[in-house]
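Each of the two complexes below includes chain A, the first together with chain B, the second together with chain C.
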Partner chain A sequence: MKELQELARTLLSSGTVGVVIGWEEGPRGARPAFITDAADSSRLIFDHRCTHNLATYLSPRRPHMARLGKAAIVVKGCDARAVAGLLRETQVKREDVVIIGVRCGGVAADPAGAKPLTAETVAERCPGCTAREPHLADHVVGEAQPEPPGAPTRDARIAELDAMSAPKRWAFWQAEFARCIRCNACREVCPMCFCERCVGDKTEPQWLESSPHPRGNFAWHVTRALHQAGRCVDCGECQRACPADIPLGLLNRKIAGIVADRFDYRATDDPTVPAPIGAFSMSDRQEFIL
Partner chain B sequence: MARIGVFVCHCGENIGRTVDCARVAEELGKLPGVAHAIDYKYMCSDPGQALIKQAIAEKKLTGVVVAACSPHMHEKTFRRACGSAGLNPFLCEMANVREHCSWIHEDRDAATDKAVDLARFIVEKVKRNVPLETIRIPVTKRALVIGGGIAGIQAALDLADGGAEVILVEKEPSIGGHMSQLSETFPTLDCSQCILTPRMVEVYQHPNIKLMAYSEVAEVGGYIGNFDVKIRQKARYVDAANCNGCGACQKACIVRKVPSEFDEKLGKRTAIYVPFPQAVPNIPVIDRASCAYFKAKAKGVKKDACGKCKEACSKGAIDYEQADTFVTEKVGAIVVATGYTLYSIGKDQPEGLRGYGEYGYGTIPDVIDGLQFERLASASGPTAGKILRPSDGKEPKRIVFLQCVGSRDPAKGIEYCSKICCMYVAKHTMLYRHKVHDGQATVFYMDIRANGKGYDEFVRRAIEEDGARYVRGRVSRMYRDGETIKVQGFDTLSGEPVVIDADMVVLATAIRPQPGIEQLAQKLSASYDAHGFFNEAHPKLRPVETNTAGVYLAGACQAPRDIPDSVAMASAAAAKILGLFSKAELEREPTVAKVDAALCAGCFHCERVCPYGAITRIEVRDRKGNLVKIVAEVNPGVCQGCGTCQATCPSKSVELQGFTDEQIWSEINALLA
Partner chain C sequence: MRAKTITEEELCTFVADLVAAGTRVTAPVRAAEGKVDYRAITRFEEAAIGAELPRRSLKEFFLPPTEPLFSWRQGKGDVTVKPVSVSFPPHVVLGARPCDAAAVEILDRVMGWDYRDELWFGRREATTIVSVACPGIDGSCFCTATGRGPDSTRGSDLMMTPVDGGYFVEAVTPKGEAFVRTHAARFADVADPGTTVAAEAFRARARSRVAENLTLSLPALRSWLGSSFDHELWRTIALRCHGCGACASVCPTCHCFDIVDEPDGVRAGTRRRNWDTCQTARFTVHASGHNPRTDQNARFRQRVMHKFSIYPDRFGEVLCTGCGRCARACPGGMDLPEVLKTIAALAGADGPREAAV
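Our next item is the complex of A and B:
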């Protein structure tokens, strides 16, 4: 923690950056912090409650962030993949951001989660995580951390859903989506949702109904998930932000599995690996072409 | 409020027989926004078009729907009519009530209902059409020809004679291609060199042709009328400006036993060489891999090991320090004439192909391929035109020719017919008999494909006058028995297995595209088939064009071709290009993609998926000049209107003009309403 605070202080006081995006102690656990004054660097924390993916604040569609000047951002290994995604899709220039990597031992599903981290409180993406060491970073701080507690559960749930008959699976998702109030929190929090104008807001023609109605809800969630195919970094923020507890992570995870299977692509913090949507390889499977 | 005119065509009986055109006009006339609706016997006829023009003027129409045939047939006709009446042509659309309706239905009432629906949704589309302007692009009246074989030579000469500037790029040290290796040509047995070399010299001397031998196309950018081609001139290590082609360097060269590519490895050449005496340009190149000087240098020998050629050159033209150079040329059109290569009879085969273990994988020295036989028969060849077998230099008295080696054999990887083998094998048997009067040629064939002018007569002549023995069947095995090659096959006409003793065997191996053709096709954004041959835009109607505008095909890069076919294709491609160059500007339909810069987030998925490289990046700046963002822009000259960007764009910020989401949406809504 001291190391992180010192680094932030140096970056700010030297004028290298105008803002350090990190976490601080809030009234309900950890919360994002935007440190612009070197003297405030001591507010920065990093522990198992820092579950947020701060890369969303790098989106060029957040002009209030741009006004703070060049940013340094604290990322966990998984968050670094989002920064790589933004670099890959030319939303951020590498020279315009200082990346501070932190070594992670898993985070809690809830930023207010009490210590210690247990199999019950850990975020569902963390057990079995392979991205705990950030590679895309200018600075890496902290000691190596222990493995997150618990065992992966999501693939078993996906397998359960896959095993269902189509009508049953349809009914499952209809029931989940029925709770959606179309608040768009999943979109706003997502670091990879950076369009100037979301297709969900398009009129003339309006592709997606915007009121909370089963048809529009379904169209929205399917569209959102498909627009994340090969782009989602599995940070779990959409699901965490959802006030209706819709298991969006399952949809993302399912699609990521398909993308990995078909295009041998997995979310990575190496921005030079091309995203499957615009990359063609002779080994791409083409059996769908008759 | 829209004022749409609907014009329903009977197409004589074609539509009128099944569709009640009067009722279609009547129903359409009731639609909101339709100001005029009539039917007529032949809408495309002069009086029919006059009806449209008259209505545009009198009823002040804002859009026109012609319910008639396919837009492929007459969209241009009706758009032109609208244009001449002062209505933007792109405010006119066709509803296809012939191919999509009258021709495929029998029930008159139902067909009429469908015709109403088809016209109705096009009316909804036209309501949302906006005037579009034809795109005009300047044309660079200069052509690039890739490949200096007979096809490339013909294309270059025809273009140059037509007044266009031509850059002819050839990867080998000399132009001439495979034709320069041939001895005589079917079906007239005229000497290949005699008819080709004057054409080569003509290329060299033509004021409109810039010959770039020993060069390759490195990169291709731009689009029809405006290509930027980066060409790599490989280092010859000989200064072309100073060399006078005296040949002293070759006489002085100490490396004399390099297998000659031109002689198909049957002859030898020096390390500094011209491929053949009639080479154009007559400037030698140093083959770095076999040159004693470069080998010594590579081993780190400080003192120059050789340098004999440099000593021998009176013009000081040898330059060991020469490096590859790159030049960028602007051209308006490109002809691909990269030709072919032969199926290898060796063990190593490209992916997807299998060699012939039963023929010894080319390990029997007197089993050769067709081009090697050409070199043996050629007066300029390694044996000075005597048919002598490679192993011991004896004159073979019995030669067996095998057709379809590799071709028409899906199990070996190639299912197509190589087209020229039937003819050149017949030619070989004749050349053989003319040179070895007591020699017996035996040909194993599947069937004889001699479909050209004078071709069948030629094959008959080989059999009837020159004594070639044709055995219908395949050869299953070939092995050496002392000096003899035992050719074991099956005569399918007599139903008997046969074993024929041969002194030499010639395999008519399949024609394959040149290696590296896929990379070239990718540089040109042109498509190719599973075998690597370039795809023509249409097999019948656009045989020398590719789907990439401005890129044309000539010769065997498209499919196996003989000389007459290659020459015809080359002249056709030249004619197409001269047609293109005859206009000051190119006109393009404006149905191309357009980016809404305000909405574009600059993720550039469109750039990555565009098959034509039509997307560029532009900066958006505010009024003070501050960079706001970088967004995509479509180059309308390059865009082919495929719509891939539109489908890929996550925020739908790029749309195909004339086919916007809103237009398609309104069509679908009209149908569902």
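Our next item is the complex of A and C:
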């Protein structure tokens, strides 16, 4: 923690950056912090409640962030994949951001929870994580952390869904989407949903109905999931933000599995690896065309 | 009307009989994902009264997230418009939180202001709201600071307070009194004066528990807001806000809606209204592309202004019941009670710039 605070102080007082985006203690647990004064660096924390993927604050559609000047951002290894995504898709220039990697031992599903990190409180994506050591970073702070507690559960849930008959799987998602009220929290917290104008907001023509009825909800969630194919960094923020607790991570994870299978691509913190949506290879499978 | 009591056992048969007679009964219910929602019940045993705060408030039972206003069909040279029904079957909400019940009455002001919203009032008139006094949830509750409280009877037709083996029941409105008279056999007179004392003790404990979280001078707050549109506070207030509007969707008093026309095949369609929120950029974008609310700071300021300055200016009370859902739901850690505390300190330090009204 001291190491992180000292680094932030140096970056701010030397004028290297205008803001350090990290985490602080809030009224309800850990929360994003925006340190612009070196003297406030001691507010920065990092622990298992720092669940938020802060890379979303680098998105160019946040003009009030840009006004704070060049940013330094604290990222866990998994969050670095989102920064890589923004670099890869030319939303952020590498020289415009200082990346501070923190070594992570898993985070809690709920950053407001004061409970210790256990198999019950850990975020779904953490058990079995292979991205805990940040590579895409100008500075790496903290000691190596123990493995996150618990065993991976998501792939088993996806296998359960895959094993269902199509009508049963349809009923499952219909029931989940029925709770959606189209607040768009899933989109707004997503670091990879950076479109200036989302297809979901277009009205001339209106591609997607904005009403939270079964037709509109299904169109929205499936469209968003497809727009995230090979782009989703599996940070789980959409699912955490959802006020209706819809398991959106399952949908994205399922598609990530298909992309891995067909294009041998997995979310990575290496911005030089092209995303399949922006790359063409002669070895791409195309049997579906014929 | 004198206070009554009702036992848990009586509530079980009462709910079953109400449902059998065609009344829709809504109560807090634990959903499959483990969270509590207000939902239709057929048996009292399904209700999770006294569990945590439901994820969303009661407003959706009067202003649904989406609802048709009318549909139309284009014929040869004419258009047929089919209105929606504005009459609703009898509905009882059992186990409403006082913060949620109060919100519905606060919204009656705007829903009946320049135009009487038939859908809102149709549902209002069909519904009897039976609240249960709340013990207070957690550190994000601030109902007492908004002029209400965990035992506030605002918006409730009946108020029940948990006592040993059942509830202490008071009718609040003529509708509540009529409800007790109609179902007189369900209720008993208060036999033991200790019951009244126990009910009041429960409520007093809850009030003092919540009051510890936040106290506010609403007139000072309103006065400061009225003259501080350009205050530097707003320049960085919402850095962590994603503009997602989760706060508005769980808020019992946020009531903005959008109106859309959706086609039902060719030459036919439905006009619907859907929940909307000032927290999104799209809310104020003009046809020209210009957006007068340039960033999230301006949008969050609007949320605070509407609730604590604009609404009280027009309707005489704040548009917030202090339920704390916005703080609990926010994925970015925005915290309205914290913001109000900051403004209260500024208002105190600067002194009201205009006479408090």
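Please note the rule applied: the second predicted complex is superposed on the first by the 289 of 290 C-alpha atoms of A that agree within 3 Å, B and C clash if a C-alpha of one lies under 4 Å from a C-alpha of the other, contacts with A are read in each partner's own complex, and residues count from 1 in each chain.
The working rule: contacts are C-beta pairs under 8 Å (C-beta built on N, C-alpha and C of every residue); 3 or more make two chains touch, one makes a residue touch a chain.
These numbers come from a predicted model, not from an experiment.
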{"item": "First (chain B), second (chain C), both or neither touched by A:60", "value": "first"}
{"item": "First (chain B), second (chain C), both or neither touched by A:49", "value": "neither"}
{"item": "Touched partner set for A:277, first chain B, second chain C, both or neither", "value": "first"}
{"item": "Comparing the two partners chain B and chain C, which touches a greater set of residues in chain A", "value": "C"}
{"item": "Chain B versus chain C as contact partner of A:194, first or second or both or neither", "value": "first"}
{"item": "Touched partner set for A:207, first chain B, second chain C, both or neither", "value": "first"}
{"item": "First (chain B), second (chain C), both or neither touched by A:91", "value": "first"}
{"item": "Residues of chain A that lie at the interface with chain B and also at the interface with chain C", "value": "61"}
{"item": "Residues of chain A that touch chain C when the two form their complex", "value": "26-34, 52, 56-57, 61-65, 68, 111-112, 181-185, 187-189, 201, 209-213, 216, 237, 240-245"}
{"item": "Complex contacts: residues of chain A adjacent to chain B", "value": "60-61, 89-91, 194-199, 202, 204-205, 207, 227, 274, 277-279"}
{"item": "Touch list for chain C against partner chain A, complex", "value": "33, 35, 55-56, 65-66, 139-140, 236, 238-240, 242-246, 248-250, 258, 260, 262, 272, 274-275, 277, 280-282, 294-297, 327-329, 331-333, 335, 337-338"}
{"item": "Partner chain A, residues of chain B touching it in the complex", "value": "598-605, 607-609, 629-630, 648, 650-653, 661-662, 665-666"}
